[in-house]
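What follows is a structure written as structure tokens; I'll ask about it next.
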Amino acid sequence: MDPSALRSLLARVKRGEVSVEAAEESLRATPFGDLTYATIDHHREWRQGHPEIVFAPGKTPDQAATIAHQIYERSGRTLVTRVSAEHAAALLARLPDAHYEKRARTVRCSPQATRTGIVVVSAGTADEPVAFEVRETCRFLGHEPRLIADVGVAGIHRLLRRTEDLRAARVLVAVAGMEGALAGVVAGLVAAPVVAVPTAIGYGTGLGGLAALATMLNSCAANVACVNIDNGVGAAVMAALIADGGAEPAS
Amino acid sequence: MDPSALRSLLARVKRGEVSVEAAEESLRATPFGDLTYATIDHHREWRQGHPEIVFAPGKTPDQAATIAHQIYERSGRTLVTRVSAEHAAALLARLPDAHYEKRARTVRCSPQATRTGIVVVSAGTADEPVAFEVRETCRFLGHEPRLIADVGVAGIHRLLRRTEDLRAARVLVAVAGMEGALAGVVAGLVAAPVVAVPTAIGYGTGLGGLAALATMLNSCAANVACVNIDNGVGAAVMAALIADGGAEPAS
Amino acid sequence: MDPSALRSLLARVKRGEVSVEAAEESLRATPFGDLTYATIDHHREWRQGHPEIVFAPGKTPDQAATIAHQIYERSGRTLVTRVSAEHAAALLARLPDAHYEKRARTVRCSPQATRTGIVVVSAGTADEPVAFEVRETCRFLGHEPRLIADVGVAGIHRLLRRTEDLRAARVLVAVAGMEGALAGVVAGLVAAPVVAVPTAIGYGTGLGGLAALATMLNSCAANVACVNIDNGVGAAVMAALIADGGAEPAS
Amino acid sequence: MDPSALRSLLARVKRGEVSVEAAEESLRATPFGDLTYATIDHHREWRQGHPEIVFAPGKTPDQAATIAHQIYERSGRTLVTRVSAEHAAALLARLPDAHYEKRARTVRCSPQATRTGIVVVSAGTADEPVAFEVRETCRFLGHEPRLIADVGVAGIHRLLRRTEDLRAARVLVAVAGMEGALAGVVAGLVAAPVVAVPTAIGYGTGLGGLAALATMLNSCAANVACVNIDNGVGAAVMAALIADGGAEPAS
Amino acid sequence: MDPSALRSLLARVKRGEVSVEAAEESLRATPFGDLTYATIDHHREWRQGHPEIVFAPGKTPDQAATIAHQIYERSGRTLVTRVSAEHAAALLARLPDAHYEKRARTVRCSPQATRTGIVVVSAGTADEPVAFEVRETCRFLGHEPRLIADVGVAGIHRLLRRTEDLRAARVLVAVAGMEGALAGVVAGLVAAPVVAVPTAIGYGTGLGGLAALATMLNSCAANVACVNIDNGVGAAVMAALIADGGAEPAS
Amino acid sequence: MDPSALRSLLARVKRGEVSVEAAEESLRATPFGDLTYATIDHHREWRQGHPEIVFAPGKTPDQAATIAHQIYERSGRTLVTRVSAEHAAALLARLPDAHYEKRARTVRCSPQATRTGIVVVSAGTADEPVAFEVRETCRFLGHEPRLIADVGVAGIHRLLRRTEDLRAARVLVAVAGMEGALAGVVAGLVAAPVVAVPTAIGYGTGLGGLAALATMLNSCAANVACVNIDNGVGAAVMAALIADGGAEPAS
Amino acid sequence: MDPSALRSLLARVKRGEVSVEAAEESLRATPFGDLTYATIDHHREWRQGHPEIVFAPGKTPDQAATIAHQIYERSGRTLVTRVSAEHAAALLARLPDAHYEKRARTVRCSPQATRTGIVVVSAGTADEPVAFEVRETCRFLGHEPRLIADVGVAGIHRLLRRTEDLRAARVLVAVAGMEGALAGVVAGLVAAPVVAVPTAIGYGTGLGGLAALATMLNSCAANVACVNIDNGVGAAVMAALIADGGAEPAS
Amino acid sequence: MDPSALRSLLARVKRGEVSVEAAEESLRATPFGDLTYATIDHHREWRQGHPEIVFAPGKTPDQAATIAHQIYERSGRTLVTRVSAEHAAALLARLPDAHYEKRARTVRCSPQATRTGIVVVSAGTADEPVAFEVRETCRFLGHEPRLIADVGVAGIHRLLRRTEDLRAARVLVAVAGMEGALAGVVAGLVAAPVVAVPTAIGYGTGLGGLAALATMLNSCAANVACVNIDNGVGAAVMAALIADGGAEPAS
């Protein structure tokens, strides 16, 4: 039910053409899918501009494929994250045109992304799965980000050589584990907002990404905000919203 | 030295009108202030669009006032945060037109802010100092945000009544201590990006804001990113950048 | 040995019909089962109104089945939690009428539950195993709770649509991982007490449920109390006791 | 506006006697107080059966007294917690009949409590401020609890001698710092639900109450649920709700 | 080299019968075994009254068996802890008279223990492996402890019924996971010192035994001291030393 | 009421010379003091061999003095710990013969201690307050310990020079903050049991004594057990019990 | 491109023999390898005196072998750490002269090391893998360290017997898990700087090496600095730099 | 007693000119000062090349001055750290030539430092007290370090402009709070070893320096080792040892 249909329904209620009970019935029936194992939040697309992203863990391959397919049918695009090989197989069987990005553990089916302005920077090879999850999510949201990989701060000249590319961004996503210093250094080099994603890469006092997170939250640069450890999806959603200029205020 | 002056200097170097040594000398001499107790980063304005924000703790009232005054002379605006009453007195003596916002612990001197699109939401009365720091920083950056206070999730109807106002934002800042759930709930109500600021308000397991931070980082909503506990400045900088549409990419 | 038997025994001691030594012998012999690998606390039913609930981990399938069977023989009902598939097979072989709820990892054998007034609310699909453990434990205790699933706060409208159902509860159990904000929001919507169960669902800073727990303990709503992470049994016991009006005070 | 007034208003809307706009105006205007420094949630009484409890920290004595007075005018009772001596003086000046319980740091003004069934058990002398906060909050809610103090588990016989008193409760509140074992031991002695309040009493590894909290959350007894460290208010609210038989389900 | 041999050697040095160099050579050569993968500390028996206890993890079955055998040859007793099934097989092949206590994961070969006075108390079935490790280590040290199992505080009457047995101890070892309250309650019942062993049993906020440890360290009873989580060996060594009356002071 | 009086009372109950009700009345009335602010546990002396030790924090000087005096009247000795200067003044006014050990923050009144065998070792000057609390508590318990101060492991030769003194102990108490390594090194030098007391001395990663505690709990030496941070009383009680050969088993 | 080539290139730019664009092109093309899965930092050798050390986890055996081979081709030495058996096989196939040190999980190919002055001390058998990683890395850097194993502080005499060997070092590396006290004790015995490596060896409160790390950071000896848990590579790099007298200052 | 005196004494023992008892007496009497409140470790100078550094906290001004004076008398130099104003006054009264560096909280009396090669880099103004403590300690050890202040990574160009100065160091000390990234970035720019000192500067998730410490321990650069938070003394001792080429191996 799109917004104009809703307004029309309400107007009919007001005019007495539809009883309150019937209207309520109608509204209740519409917006949620009715798979027994999950309430698909189709309202979300209307509310937030993109359909729900499916988190695969805890769902069987078949469940994940069914949900993703239903979303795709309705919205013309779908993204499933943290998929196992089994999930991927089931998804590709149901959505033959989907793209399985193995390193990112994602399956995506969406139109060619065309918007630009997002740059994704990652510190080391081991951070690439998260960087790729960021990229796949950006694509699902209509953005084709530029990826600058393996530019950790321990060899700062590798990063500095890319300063021009960094400054060409409207918004950046910095992905780093270990010491996590990349986000703060990048933020000092650019005027753009930086969305920082700590990764669980590291050992010992890395504490599964907590050290990188702490570094990022304590950044001396003010143009940094963080998402949860390994949360490539959240970073991409934030970055896409920023690149799009924030929300278009409801008039 | 503004960007065109720099380019001109480099061109003169190229044309041999200025020796490399002289040019270097000139560049070295220019961009940093030379107070003995701090290196003012005047480059920052050129690089990031706004002058350095002065963090008062650890500086004497006189030092803070001198630095702020020097920045104001150069840039026409200045902001000092976490000021004590003594800091404030020294600053107002040197900058008579400045505004001392006692609850926010800020002293600011800047032109009337005119840009809009930022909404600051705070959970409880005790979160207001941070919310006010956000607002003062936004004003320093040229934005006049709308403030919606005391709408914590324990009385969700108070928040829901403001849904329309929330949806009118291009970007939101959610300020909350205690359980910190406000950010995630707000993010679920809007399509805009939400910058979350945990505050140290609470006791016991609140752990000085760590509980609120954890809540925000684990938000099920994807359009949320966090800054450090009580970091109103960082949240405002991120929000202003987002409201301005991210960085204007260098051409 | 039921309470009246005990009182009778003591009266006979007083009247000298039974020696102190014999009485002590008798009392010692009675209340505990004598399996070598566990002391079944049959006193518990007399003391707390329901037989001991069997925690399967650390017990062999055969041990678990023997204990459960002995309890069932004595009390007419039994509940085994956190069962593996092997435990379940052994239990069903010994208790053919038992119900194996696979997602909850429980095996239960008890009369049809008839009491109502408990509502179990869960945030996401992944929280369902714990929500189902709550339900199975409630049934074992004679209560048939209403289950409202997948109503996390990131899509608050899904929850609000169920406000009427929530307010129909005498007591609620809120099950949530990730940010754990569900408990506080629900508590703000109702007048009833809310028993909060954090789950280990999440990653990174979720810290295996600690983030959700912290959120719940710091709830601004006062009508919330928490149990351990994933402790569906404890939540159900609390909820059943509350729905029954607390303990019937001993006269 | 009480529930019947609301229903009447809505009926008039339906009958066209009041326009939707006027009704909305009326509803918006009513339920919130309009002090500039706080939005008093008068809806809460209607929704939750008791007026908002005022948390003093962060409010000036005058603010606290004004808010408390306004609540008292409207509801006939008020409770302010965590008061300083200055808060207390201002409150007593405005509410001469109020009771200042110094150890609990509360000021309360409410009718004589008459309901019974709550027993508050505390471990050591140092836990009494929290135990008294529980009692004052219970009284505000209409309950006169029985207080059993200084019965920590290190001298278990002191506790066991009170078994009969413990078993006379419909619900118990266990208040303990240090090792926090009291809650679990009490829960093993009774059939009633136990609301556990860890206190910050202790030193070193007590970690400001976290050790006691951990003990309580890990209790082997299932009839225990916890509130935040030192949260006497929350424990009392839960206990009163339980003693009252949970919420009266909305029909 | 036993103490008298050492004294004799030194006397001969003093009398000039042995050069300092030769004496040093002799002393250096003697006390350490020379397996390439471990320096067996044979000095320990002379210094501490019992041979080194072998910790199996990180050693191959063959290494463990060789070390244990060499110790046995020299000292007439040996104890290997945390053995895998493979370790056990290799040990039993080399030491046919050894006793493999599967639940304790120990292999022990030592004379019949005869000393008494130690009582080992454990809270739940799942704590038994640690309780058994305590018992096996006590036996290796010449003590036959009394084991009182499954007497956790949630059913305090089970523990109290054993008060007489507890008071018969010269020293107690309390083994408990989950809430860990057993140690403090036992310590309140007896005059004897209590060595507390937290176990990793539990889940969620149990934090792998940290919650139980915190409880024990914060015990209100003063006659409690703790060892590391699951450290049955340390607890047994302490208990045996205490039961033996502390060290026999060197004259 | 001493043990023989109790046995006599029970015998009279048995012979019918005293009614059960009267006996109960008598038993209830006797063992607890009836100060309103604290239940003095006079049973403790009978049960544990020494009267309750008074913890001053949270008690007014007058309360502390009254309690201490009442214990002294009854038992001929008393110990108050963590006293402020005000506590000390009030105590000395009431107990003129008491000894105020300022660095230990204790006031003690007890007969000359005569038993020996305890050695207290401390790492640095800053650990002395805790070492002195250990000594004062030992004296209260009838033991005169030997104190070896300032022998931290960073200058291991200072410690090794005292090896003979260490080996003369029946039991040792090791007091150390910072890295806390003293306990393990001492334990490796002696055959006696070592009670380890971490202190809060240190900074940064010392975490208020948690680092020292962790070191002690992870000691490779098996003859070490720990008490809470700064818990000199607990260490002394354990040490005295051990030096006395554990509890005298009840016959 | 070695430093003199670079200087030559720049001079030619200055003389106009090479355009800025061409020079930049040339510089960009040179220093980085261009494998798609990793940017080999060949600059590092020029900058830091040794080629990049390859961290195997997250790389396929083939990737690791290709990278290592390319480094070896260029630099005449290579080191791969944390290799699996599969990595080792692939590496040995490509680098037949390499040395696979299984316990250290390293594959190294480098000229015979000749420099001395480093002593590596380790506490227990289980710490050897890290000690061996230190040794292999030292060898890669041209140093042949002396290894003193199994000299933990619980048997301090084993360590003290090696005092002379310890004092012969120019720099020491101390490797220890469990309590981690070895570093501080060694530092007290020598005048040389000590690089401390905590290992994850231990259990319970060892917290995966955090306890050992805390001990080392809180060492009372000032000549200690730490690297991350299990970071044998970092310790070896520091030690080699120190043994070489720090960096040769650029003239 | 210097080394040659010691050797001489031992030779006389050997020749029978001095009895063993007298020699022992003599050795025992010599090396330790005998102030009652502290054992001054005069051995340290002989063992480690510099006299003990006095840590003021926990010592009275008079004690600190007495100890420092005694050390100065013996060694010709002394350093007292973490002094209060009162400590400083007492020290300057006793050591009129001493230098009180207020920001560093040190009092030092030592010959003009002449050795060079140490560079101290600090991130922000607030880190200067620690940087100055490093410098004062270096001077006490005979080194005059170069100080490069206020070059945090958020404005990386400020740091990069000093690359040449950084590369001129034989060893560097990096002092940083907040995110602590400075150490890793500096380490990537130089070939020299870097001693990292986290400071407690920051707030919220800075956790009193733990975040900066974690960043430094997880640095991707291998030439970094850390000391405790705010431990300027330790960093200076390490740096001086490194600049001196490690220990001069005992021949």
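Which chain is which? They are A, B, C, D, E, F, G and H, in the order written, and residues in each are numbered from 1.
Assume a residue touches a chain if its C-beta (ideal position, glycine included) is under 8 Å from a C-beta of that chain, and two chains touch if they have at least 3 such contacts.
Since the model is a prediction, treat every value here as computed from it, not as a measurement.
With respect to subunit D, maximal separation of chain centres occurs for G (centres as means of Cα atoms).
If you average the Cα atoms of subunit B and of subunit F, the two centres end up 54 Å apart. Centre-to-centre spacing of subunit D and subunit G amounts to 59 Å, using the average Cα coordinate of each chain. Between subunit D and subunit E the centroid-to-centroid distance comes to 49 Å (mean Cα coordinates, whole Å).
Mean C-alpha position of subunit E lies 38 Å from that of subunit G.
Contact with two or more other chains is made by residues 155, 189, 204-206, 210, 213, 217-218, 228 of subunit A. By the document's touch criterion, interfaces exist between A-B, A-C, A-G, A-H, B-C, B-D, B-H, C-D, C-E, D-E, D-F, E-F, E-G, F-G, F-H, G-H. Residues 28, 32, 37-39, 41, 43-44, 57-59, 198, 200, 208-210, 213, 228-231 of subunit F are the ones that touch subunit D when the two sit in their complex. In the complex of the two chains, the subunit C residues touching subunit B come out as 123-124, 152-156, 160, 178-181, 184-185, 187-189, 202, 204-207, 210-221.
By the touch criterion given at the top, residues 47-49, 53, 117, 164, 167-171, 189-193, 195-196, 213, 217-218, 222-228, 233-235, 237-238, 241-243, 245-250 of subunit E touch subunit F in their complex. Touching subunit H in their complex are the following residues of subunit F: 125-126, 149-151, 155, 157-158, 161, 201, 203-206.
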